[in-house]
Structure formats: structure tokens, C-alpha cells
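You will see two complexes here that share chain A, one where it goes with chain B and one where it goes with chain C.
Our next item is the complex of A and B:
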């Protein structure tokens, strides 16, 4: 080296990303699957927010939904069945600078991962949790899931399931320290996008339940709502999800709901006559565990050793 | 006999010195018609057919369970022939000639009642003789007969048309019903008799322990004991008291009554028939006793009282016996009850055991007999009265009261009118009379002695409503509709009009030689003298009938069709008969004059209301029309005025476009040059959803695209993604209409609208357009 040359100054050029920059390839879901809409909405979100791909991470468990990280040109962690939350919490604890997304399904989250789900919401670490609720175990070819409607015929229930389904929203409302609960549908991309955007902008764990069509195993579950928008109840509020004029024109059945009204949110969530979409609950002041769990993340190994030595000195005789 | 017109007879109507035509003189009774050859009413001609004549007789009477089956031979034969046909066995010869078989049976059985088995072969022989078949056909008929015989009721009785028929049917029915009930009663009495005997025996044996009884009681274990010593040692069983003397005597008396019944009453006849000397009873049955008497009705009542006392004693004894067996007899209470017990206190089933008495009399009851008859009807005694009504007996018509009408006045009497012509109806009214257990009266229409064609006469009488069929059963309900049932005969249709053939009383009279004098014959083409058909005469207004001469169509022995004028006397009878039938129809609720008048009044009222309404509507319509015309004219004039005053030039142009006729401006010449028309903007109407025009060009609701790649995979030049990853139609020329339709069908969000096919697209077909319509 004979000195620095000015033309060797490495200043990273400002980067701008298009949607294709986040596209990792052809998704292999079934034709007509609602996952495509979510994938597209997330890619648009990433583009609109100009998220650095190397600073974005998608964590998933097992299921159709959990193929998601494979189709995003970002970092991803395709983990064990039901264990997306612990992995995401760990990532969040040690890499608070990453944009973290969790892709989980109704079986992955509400069944085997229920324990992690409860505490994951309670920890309220900043992440966007997308629950792809297609009411079935689809990847493993049709088993009854906790959100399968009563009477669903499946390989595990050839005569029809005999338990009423669980409601992830009401369960989540009952968890202490929940800070963001929303529900949307995959067949209305404007509302889907607006919800995911609001979730991304929330400081805390944003839990979004996406009613996702499965054209192969549960083709008729959401057909009534898709064909008759009046059966979908749009929750509106100035502090809620702003879907835009197109969304309000599509879903004429509306109710003004204050997201801080937790009992009201519960009443809306248990209404079986309509499918409510929008923001159920938001608490911007909920505690965040990642504020504590990320303590020491910026310490170097030497700092850590020094800190340990200092502690040990207290016990020197 | 073939009906034919007599064409050579000169039509003349002789006129007497007083100027009255002879037919009228005859009708008014001023002259009499000398006896001439017999005539036959044309209206009754159809009754001569075998299918009509031998429909009901002869009858098969057969016991079946506790009832008597009454079936015409024609029906039995038809069923047997149908059975053989179902089995595939040929019966063609017999089936084609079965009426000859019936005719042979009728001639052999006559008016009597014979066991069919006894005359079966004889009937068949006469039948074959009548047919006179060839050898082959005869052999065929013999084999058919062999197949048929097992299906015919050999043990049944064959009953002919005669006065014995109603008596035979009644007696057989009663005997069948009483057989089972009588046997059951007999067994009941015997059981009670034995049971009471046991009571007495036990009481006798109770007084000491008899060794024999003890030995019986102990059985084999008695061998271990000295039974006689034990009998002495054992005390009297606890709770065993000697029977009271009064009780013992009651039981013995009851047993005595039972013993007397078992010995005597079982030998008593089941039915007693009482008749006067003028009535012959051509029936001789076992279990039936026959009595003659002058005052049959009075004697029937007395006989009933005698017999019922014995039966009542037995019924009383049964009650006492049951109380004694249960040990519940309380003298204070039951002595008086039993002393006052009479046959009226019996239960319904017990009334079936009361003495059965049948009184048979002619229907013309008069003098002291009438009084006895009425006393019998109001006595309440369950005595059956059978009155034989000979058709058209000269004496009773119009001079004596109708006994059935008289009986109806007693309210609690079961009254029926039936006819020999309808044996099934006769059986049904007998069943009803027996079931009611009340006094009953049945009037049976019979042809009378020496009648040449009894069935013909009976049928004519029935269809002419001279002998109606009805039944009044007071136990059937509270209303007349429940109690009274009238059989309306089905009249066949005939003639060119196809209307039902009308038969009257006069047709019946025409069949009887003794009534021949009431008919004056005229040629069939005689139209003078105000002739009017009797059926029309009877329903005509008085001013019409006063100047009309009633007649019926008849045929003489030579087959010549004639008109027979009817005497006034016979016309009166016809009117009375017609009126009586109308009254019956009203009573049966079939024809209700009040309802008819109410219907007419309601109809007229409805017509009036609708007419008034029509008038009102017409007035309103006219007013509205005038108003519209006036307003339209006014608007036109206002527009014109505005134009003339030059206040609204636009109105001129719109008036010109709206009105095809040129607007004439006064004072100005019509413009001969063509006027540049001001283009008028057509107002676009707001279209409803139903009126939206079909989409012309294909498009996609891009905002709702879920990016599923279905359309882009199909044709990525036709469909592309926008920067948001949502599909749109990039280049219509790059794809075909078929691909648009396919993509529309595959799109899970249903947001692709194929529109109308482009010009020159070879993939277009009507089927595709139809499929595309669902997405446009």
C-alpha cells in the first residue's frame, strides 16, 4: 500500500430496494393458497419500508406457513414445530437491531407451541407475529387443528371433530401484557397490507391472525365471507387499522372500536355471526422484556470477563 | 224385442161432442181407457239387460265368523273367474256365458233358499242345456267347471228373489251373531254356577277336619301321620267362620236360577217370529219359533216381557253371584238394587242376550193394529218389526199413513226403508237395527205375489224413487246428519244428450197390469193437445202444467213406440212421490232449499256489488282520463306560450326534438330551409345494477389480487405483475379469449373479468362467452 487513494474510499452507496429484491424464488404453495397474498404483502412492506435484507429475519416453525422464510431473500430460521417463539425471542434478545418477523400456523402456534405463544405475547418483544390460520394441519395432509371448526372431517376425525375451535384472539386477550392484537384476511390485500404495516410499526409483539384460505384441504371455510363481504365486520377507529377508502367500500358492515377497549375487544372477538377484522387491542405502554433481555448485548467478551471478575471479587476471602 | 216406429198409423185425435179431445177427457177422468195389451216404459228399457237384471240375485248366504256374508252370485262367479285367470287357467267359455249360468240358477232356486251344493250340478246341467254347445266346447266347459267348483262356496245357501229373502237374511244374521255371544254367556253362567258350588262345598267341609280332605291336602306326606287322629286333634282353621244362613240361601237360590237356565234356556229358540195370518213365512229354521196372532205387535210385547223376565233373572243372578264370590255382597245395599234391576239396566253386550223377537206384517197397518204398533214403538223394547211393502198396492198409497214416517216421529226408533232389489243394503240395515238394541222398524219393498218380472219391478220402483233406501239410527249421533243416511240410486246416462235417464212413479205403474187403465196410448209423433213429458211436467210452473198433458214413452208388445198419456189420479201420485223424494233429499241434507235460496241471494248480492264497483271504476277511469287530457293540453299550451313570448329558446329546441311535428309560430312563415338542429344532449339515465351494460374490455381488479401466480403462469405476457406484485392485463393481444376465461375461472379471488371477445380471436365460442358471462 502506498497510501490511501481517494478513489478507494468505500462509501456505501445508498441502496434502494424493489419488491423483487426480497423475492427468493417461486413459492411452492398450492395454487390459490392464501399464503401467496401474505408473501406479496410482506414483500411490499419490506420494499415500502426499505428494510435492509441483511437486517431482516423471518422465523418459523413447521407447517405450510412456516415455508415462508424460504421465499424471502432475507435471513430466516426454519425451526422446530411450535418453537418459533423461543427462537424469535432469543434473536430479539441478542440482536435487537434486526427486523423480526415470525411466521407460524394454527397448529404450530396454538397447539404444540401454545406454551411459547402465551409467554411470547407476555414478553412483548418487538416482532411481528403472523398466525396463518387455515383451520387445518395442511402440510401433513389434513389433521384437525385447534382452530378447525366443529365437525371438520379430517384424518384424525373421520366422523367430524367434536370440539368447538379455540379463538386465538380471545386467548391472546387473556394474556397479561399483550400489546397488539389484530385480525385480517388474505383475500383483501389492501387490508392485509395495512394490518401488517401497523403491526410492523408497533413497539412490541404485534400478533396478527390472518384468515388464510387453504384451497386444498379447507376450501369452503372462508368462502361465505369471501363471497359475502357483509359477513365481515370491519373495525374502524382513528387509532385502528387504516385500510383506506377501498377497504371501507368493500366491507360495509363496520363498527367503531377503540383499540384500548379490552372488554369491547373481547365482545367483538366472540361474535360468531360475523368475522371481525381490524385492530382488536393495542397497549403502547406494555412492558417489554427485550429491554431487559438485551442488556449486555453490546458488551465485548473482555467486558464480560471483567464484569464477572468484579463480581467474584466480592467473595474473595 | 226391437224398438221401432209405427209409421203407417194415421194421427187423428177424436173429439167428443163437448169439444174436449179424447186424451184430455181421459186425463180428466171423463172417460176410461179400455184394457189393452200390456206396455213397457221406454225409460226402463235398459233394465232388461242381464247385467242389470241379475246383478244382485241369486244370493250366496254364508256364515263367516259371527256374521253372515251376503254376496250376489254374479260377484262370486266374477271373483272365482278372476282368480282362475290370475293363475293362468282358461275359463273363456264359462266367462262368456256366465249370465246363462245365473239364469239357470235363478230358474231352479225360484223364490226359495237351497243349499248350493245340493243344486250345483243341476244348475250346471241346465246351463249346458241352455248353451247347446258343440262337443269340443262342451268338453272345454266341463274342464273349466272342474276348476271352478272348488272356488264356489258349496256350503253356502242360495237365496232367490222372493219374500223369503229378507226373513232368511235376518234370521241367518241374527243366529250367526247370537251363536258366539250365547255360547260365551252359557259358559259364564256355568263357571259361576260351579264357583258358587265350590263356595258351598267349602263351607260344608269347614265344619270339621275331615280325614279325607286332610289326606288330600297333605298328599304323600300324609303317610307319615295318622290322618284320622290328626283330623280330630287339629283345631278349626283360624278365620274360618260358618256361612251365614241368609248368604247360603242366596247362593242356593242363585244356583237354582243358573241350573234352570242351563237346563231350559239353552233349549229355547234364539229367535221368535210373530206374524199375522195373512203373512206367510216361507222359512223354516232351527232355533226359531213361529207364532201367529191377530195383534202381532201386542203379542210381541207380551212375549218379550215373558221371556225377558227369565233372562233378567239370570242377569240378576250373575251380579249376585259375582258379589258373593268376591264376598262383597251387602244385603242392605244390594238387595234393593237387585230387586229393582231390570233389563233396561243391562250393559250393551248383555242386551244382545235379550229375547230376539221379530214381527212380520204387511205395511198397511190400520185400525187397532195401528195403536198396538205405536205402543210397541214407544215401549223401548228391542223388538224388530219387519213390514212387507208390496209395490203399488192400491189400497195404501195416499190413504194410509206411511209407517216409516210414523215411526220417525218416535225419535228413539231405528227406522229403515230398504228393498229386495238391494240385498246388500237390506243386510246393512238389519245389522244396524241389531246393533242399536232399540226398537226398530224395517220396511222392505217387495214385488208381491204373481209378478212376472219381480226384479224388473223392484229396480224400476227403486230408480223411480218409489221405494227409497234410507236408514235413521238414533244411536249414531246427535244431529240428523249423523243419524239419517239416504242412498241415492245411480241412474245410467242415455240418449243423445247423455243426461241421466229419469224414471218416475208412472214408469213403475206402467209395468203393472192392474194399473194399465191409467194410460191412454197415442202415436209417438202425436204433438197436439199440449203434450209434455212427465219429468218436465212435474217440475214445471203451475201455469204451464195446468195447460199441459203429461205423458211417458212406452213400447207395446209388438215393439212399437208410443206415447202414453197419464190419468190425473196417477199424476197426483207421481207428484206425491216426487214431493216425498224431495223431502227425503232435504232431510238427508243432499238438497237444501234454504241453502239454495241463500246461495242465490248471495250470488245476486255479489253480482250487484261487482256491477256497482265496475260502474265506480269506470267513472274514476273517465275522470282520470279527462284530468290527464286536460293537464297534458295545459302543459302543451304553456310550452307554446313560452315559445311565442320568446322566454325560453331552449324549450323550443327540446320541444322540437320531443315533438315530431313542426312547431308553427303564428305570424312567421314556416322555414323552408332545413334548420340546423341543436344537438340535444341525451340525458344518461342512472343505470341500476341490473341495467349495467356488459363489460366490453377485459380487466382485473388489481388491488384485490392475491399474487397467487395462477394467471401469470397461464400467460405471462397477457398477465403481468405490477410493482406491488399484483396482476394486471398487460397485453390483450398477447393472449386469447379462452385464456382470459380460463384465468378468470382459476383466479381464487375472482377478480379477472374477461369482457367481450376481440375481433379475430379464433378461440371464441358460444360456450366460452357463456362461461365468461359469470365473471363479467
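Our next item is the complex of A and C:
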């Protein structure tokens, strides 16, 4: 009545949140794990956006990085290996009010969950997807992943892996209705933060591949880029990721890339001489499945009964 | 009935004189319409069934569906059509042998002969155009079959269906089915006004020209029958004053989804479950709901689990092969206590099996399919009416007991059509809006009641309720816990929910006498056939009864006590079991039917079984024969005084 919603709550004083309000305590990753940097960036983002913890939800699959929700003091869903996308899409389908994040790894997303990855990007529901790519299965103790470089010595390929790695960016670029594709690294906090912030502000599924160090099983995979920042290619553009001065000082190898240029993004992604970071592609006007799926979520029980009654009448003899 | 004059579209002006009391009165008849796929036999069958229901007859119709869309014509596997059983009183199953058959060609009838659907004396109205087919092979096949049918004792009436239709339309492939409806409506003295209305409604969207063409064909078929047939039937009806609805099992499940207040159906196409979502896809938006066609079966249940976690209890609809793929998420729903309704419309298995045919062989997979201890609630509707009402119960139980609830239907119920009293809808069935109130921070997300195992569930959006759901072992705060004492306790609490539900259930009702020689226990769609067999036997004075289980997990209480009142107990099921003498003579290794195995373990009663996998509903007659054999092993047939 009087236009008030039933969920309207009188807040005696405005709530404000500090970073610790999103921190669920000691994370159990290995010392030196890149996941800590992402956790820190996300907690900063939540604070800076003043997200209500009860309206924020982290969904993950299985793997080291999929423990992420446990370390956030928000709602969380730590589900099944490879299945973060369907769960997150199901949550989003009827709950446009929640802030939704997905944490997934290279095995979780690009191997066992590859089918859901393709369709998740196509559905383009509003959520941030963080692909923690450490090129290895960590939690099951060092097996080859789809993004492991050729020749990776692992417990499943003790003589070195046979196949060249899959490139999650080129795959994602090929998916119809992909709307936001970015790549960043865990060891540069400003760029990581700026990328996640842009992802959060995107109106659709924002897919962020985070090059994530695993000190235990793939300690050397990213050291060339860490030791020599010129091997990192910073994509810049007025509509791209705005990393700030510090980022531009660190990564001097730069290219201006318009994020509406999909073929250009592909060219950059397949260049394996350098590690491109920044925004590959963005289309803010891509169709969103959640705009269809959430229709009617606020219909009243009385209206429903009336509508069902009418349908039932069709069957009356 | 049929006393009104007929619309003179094709010159039939006078009411048919054989009607009323002058036709032969029969209590019931079974009619089959069988054609190649795409010739409209199903439309004809549905129309005839619907008219009969509207006249107040008891009706059960079941579809005969090939697995392929357009299989080769004139082939045994391509048979498509409908069986319609029409009775004076309520009809609860598809019955035994057909009385009247319409065959669009002779070859498709062999699939029905294989299924044991005909008897000597079954009257077959057979399209006779094949006798003059330009191809000698076809002419010969027709002649051979005709002779064979006569040898089998069928009463074959050759009918020039196509020739008659060609007088009105250019392409008899479109419309022959409605001509046949005319023939049947004359044969069974159906109410002409009702038929006209039915045809008009059916073709409403196709425009007046098509409506008129079909009315013409209908009346031509009617007229032909009146002029050429000499025997007609009257199946007295008891027009019921209470409002009734007519729908098939999958439509009832779809209506049930809506009436239960579920807002989301997440599915992946699979026969014979998909038509639930077809109906929902058409109408769900009118009640604020949505059908999600997922990329695969796993995503379908994952999406539903996500929505349920977020406070919007969802349903996923599948069949055997899809169920197999969903097992991991089912385990998660049990472990993390996510309410969820799963409909399994069972078909023949294993593997792809018999996609369009009935079987009851998913019971074990549903009960034990998930690795680890994963207790679930499992219900099995036994009628179209229960398909509707069980959906409402299922959602309530899913919410109350915080976990997955199965509704085990099957291909027989999916396409079976039966009238039932119009449900009175209730706002209480509809889920309330999401609670966005504050959660009591002192209550943990799994604050299990030690007595019942039940706990309240915070939903995203509720302040101070935030928790991280996990499929890992966890304590009441949903914190990952591997400690042995916590695991033992929490698995026990989740199991306790079944025990708590069981406390609230009633023992199954015994149909027939409270005690006696033989008790038949069944579940699911076989109820009508079993009870009809019991009726028949008891009318003959034999001491047989039946009990039908609505809950398969937890089992209803009191089953052992009921069994103790009978000399022998058997289950009757549509799944595989070794025969009593399995050829190898290894009795201890005998494989029992699925419910029998469960009941033997649960009751320690030496329960026997009779089960078959014919890909078709069990016929009452076959069940009667089985009962007779068991009575004989009990030392002869006793009769009540």
C-alpha cells in the first residue's frame, strides 16, 4: 500500500562498510599464491562500491581458486567441479537484485565446465567471471590443464604434456554474444583492480582471465613477464581499462586497441610473443538472457492464482 | 444423445436412427486408431477421447508413438496413434484387448499385434486402397495380411477411406483422420453438437475454410458409417455435475508446477518428459514463470539449484538418461540442503533404451544414484490427478525438508488422458515473495533440530544470514569440516529428515479385503490395472487385495503389518526381474523387481514379484493371470463365502 514494497526496511542510520567487513578470515591458499591478490582486490572493490554483503554472492566450482567464496563475508555457493556457470545463471535468472561474481579455474572453466563456459558467455547475464588461470590443476596435485604450456611436466604427463595450450581469450572471442573480455595479471594490483572494477560496471557477463601464479606447481610460468615487464603488452584505449599512471609506467610495451575491434582483439590474443593485458572486447549492447528470464518475478500470489484458474478453465469439460 | 439434426454440409439431414436404446449397450469399449506417423491418428484419437469425456463417459487415452519423427511408411516400427478406452464408469487404465481398431494400413497393425493389443473378434476397420496399389509388392502384402488377420480371428471391415475423402479434398492425407472421427462417432453414437464444437475449436487458428473442410469430412465419415455399417454401440454415460478437467499426465504436472507456485522450470529436451516444458513454455509467463532450456542436463539441474538457492524453488524435468547426468547435482542438493523438485518421466532403459515407451526402472537410480549417502524424498503419482497434486506436495516437502523431492511419473501417465475433478487452487500453495527481512544472527544457516533434522534456510538478500553453501562436509555454520564426529552427525541429521517425514505418513490403503490369500503391491502408473484385476478376482470370490505406494522414500509405515495379514505378497512392476525359475535354478541369486528388492530389505517379508518390460502398460488380464498362478501355488484357489 502507498507504494511501499513489502521488503522496505527503515534504516535508522546509513550503513557503511570497511574492507574487513567482507573478509571471512584466514584464506587457506599456499603462501605466495596469486589468489590472495585477487581476494584483496575484490574486497577493495566491494568496499569502494559499498556493496551490501547480503546482496552480494560469490559462486564457484571446485579447485584452489574455487575456495574463493569461503573467504568472503557475503553469500556464497561453492558447488561442483565445472558447474559454477549454471548455478550462477540460475541465481541471476530470477534475482536481478544481487551482485554476482563467479570464481573459476582453468580446469574448472576450460575443461570440465567448457560447455557451460560457452553457453554462459552467450547468455550474457549480468555477472563478473574471474578465470584464475595458473596453467595447472592444483588441488588435485599437479595435473596438466587445458592451458598448461606444451611440455609441462605434470603427474599425468611426466614426460611433458603433448598438446599446445588452449587460449581462453580466442575461444571466448568466438562465442556469439560475448560482451566483455579482459586479461590481467595477479602481480600488478592497480591493473587487476581497474580490470575488475570495469568488469563489475559492465552490463552483462564480464569475463576476466587473470594470469595467476602458482608458487607450488607452476612457479616459473609467469616469471619471464614479472622479471621483464616489457614482455607484457598493455592494451590502452579511452574505452579500455584505465589502469592509471603507475600501470603505464610499469608496462611500457603498449598498443592502442579499440575494444569494439573484435578481429583486432583476435590478432592480439594469438600473439604469443607478448602477454597482452587490458580490454580485448566490449559490447555494452549485447542481448542479456536475464532480461527475459526475470520477467514476472514480482507477480503477486493472488494474481498467479487468478491466472492459473483461467488456464485451468481450458481443461474443464 | 445425438437427437439434434445434423448440419447439412454434406447432405446428412436427419438424426441417426440407431442411437439411444437401439444400439448395442456395452459397459465399455477399447478403440485404437493406428496409422503411419503424420497421418493424424493422434489428433483423431484425442478428439474422440475428448468428446467422450465431455459426454460424461469415463475415459483413458494413451498415445502410441514411434521414436522417429517420420519413420518409413507402412512399417511395424512406424505405428503412430492412440488407444482410447471409453466406459460407463471411471476408467483408470488402458485396459486389455481392443474392441475396435482403425488401421490406415495393414502393416502398422502388426506392431499392435506384437504388443498383444488385439483378440479374436476385434473389429478392424482397414483402409482398403492398398488392395489396388500400383505396386504389386504392396498389393500382395495387403492380401497376405488380410488373410492372416482373418486367420487370427479378427473381424476385418475394409473401408474405402481415401476414396471417400477424395470426394471432398484433394489431399486425403490431410483430413482422413477427421473422416475416421466421423465413422467412430457414428459407431459409438457420440453427441454431434459436441463434436462440431470440438472440431471448430481444434481448427480455430487455421481459419474458417479449414474448419468447414473438417466438418465436411467428419460428416462424410459419419454418413458413410450410417449407410454401410450394421452394428452400433451405446456406452451409457453418467454426466457428472461436479466440474471436471481433462488433461494428460505431463499437462497435469505442468499445471501442478504453476499451482505449486514454482517460477522456474529448467530443462533439457528429452522424451517423454519434454512436453511438460512445452506446455509451460506456452503459458508460464502468464503466471510470472520462466522455462529455461539449458545447454545440457547437468546445466538444467544446476540452473534450478542456483535459482532454488536464491529462494526461488525450481523444478527440473527429465527422463532416465538425463537423470543419470544429474546425479552429481542431486548429491549436492542433498548435501547442501537445497530445495528442489525433480520430475522423472520414466521410459525404457538402460541407456537410450525405449524413448517413447513406459517402464518403471529408474527407482533404484533415483534412490541410490548419487554417490555417498544421499537420502531423498521420492513420490510416485498413480493417476493423472495425482500428477497435478503431487507437484504441490513435492514443493512443500522440498521447502520443509530442505532437499530434493522426486516425482516419479512414466511414459504411460505422460500421454495418458483422464478426467478428474477440477482442482480448487489455493494461494497457500504459491511461494511467498522472497523474505528480505533480517536473519537472526544467532541462528546458524544449518541449525538442525536434533529431533527432526530440519533447519531453517537463509536466502541471499537476508541481512546477517550470509553463509557459503558448500558440497564439502560442513558444520552447522556451513564451515568446511572434515572431522569424523561432525561427518557422522551431519549425515545422520540429513537422514533423520526422512524418518521425520515418515512419522507423518499414513500406511498405504489396502484395496479389496483387509486380509486374505494374496496381496499385490504396486507403485506409479500401474494402479488402475492392478485394482481392476483385483476387482475382477474378488467378484469371482477370490481373496486378493492390493496396496499402492505413493511414497517410495521414505516408505509409508505399516507395510510389514499389512503383509502379515496375507498368505503371500507380490509386487507388480514394469521393470526387469528374473522369473521365479530362472533356468539356472539359482534361487538365492534371483534378481527381484526394484520395489520388491526395497520392500524385502525394509520389511524382511519374503515378498515375491512379477514384473515385465514390454514397453507398454501392463494389462489387467495379464495381472489377473499372474494372481491366479500365485493362488494356485498357495494350494488352490479359495473363495470367500
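Throughout what follows, the second predicted complex is superposed on the first by the 295 of 317 C-alpha atoms of A that agree within 3 Å, B and C clash if a C-alpha of one lies under 4 Å from a C-alpha of the other, contacts with A are read in each partner's own complex, and residues count from 1 in each chain.
Keep this in mind: contacts are C-beta pairs under 8 Å (C-beta built on N, C-alpha and C of every residue); 3 or more make two chains touch, one makes a residue touch a chain.
Values in this document were obtained by computation on a predicted structure and should not be read as measured data.
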> In the superposed model, does chain B or chain C contact more residues of chain A?
Replying inline: C
> Should A:157 be classified as contacting the first partner (chain B), the second (chain C), both, or neither?
Replying inline: neither
> Touching A:186, do we find chain B (first), chain C (second), both, or neither?
Replying inline: first
>> A:237 in the overlay: touching chain B, chain C, both, or neither? Say first, second, both or neither.
In response: neither
>> For A:73, using the defined touch cut-off, is the partner it touches chain B, chain C, both, or neither? Pick first, second, both or neither.
In response: second
>> I'd like to know which partner A:262 touches here: chain B for first, chain C for second, both or neither.
In response: neither
>> After the superposition on A, what does A:59 contact: first (chain B), second (chain C), both or neither?
In response: second
> Touch check for A:308: first (chain B), second (chain C), both, or neither?
Replying inline: second
> Hey, which residues of chain B end up touching chain A in the complex?
Replying inline: 703-710, 723-726, 746, 748-749
> Which positions of chain C touch chain A when the two form their complex?
Replying inline: 50, 53-54, 243-247, 251, 255, 258-259, 261, 263-264, 266, 283, 285-290, 292, 294-296, 298-312, 314, 328-329, 332, 419, 422-423, 425-427, 430-434, 436-438, 460-472, 480
>> Using the touch definition from the top, list the residues of chain A that touch chain C in their complex.
In response: 6-7, 9, 24, 52-55, 57-59, 69-70, 72-80, 83, 85-95, 97-98, 115-116, 118-119, 292-305, 307-312, 315-317
>> Looking at the complex, which residues from chain A come into contact with chain B?
In response: 18-19, 26-27, 31-34, 36-37, 39-40, 43-44, 186-190, 213, 215, 246
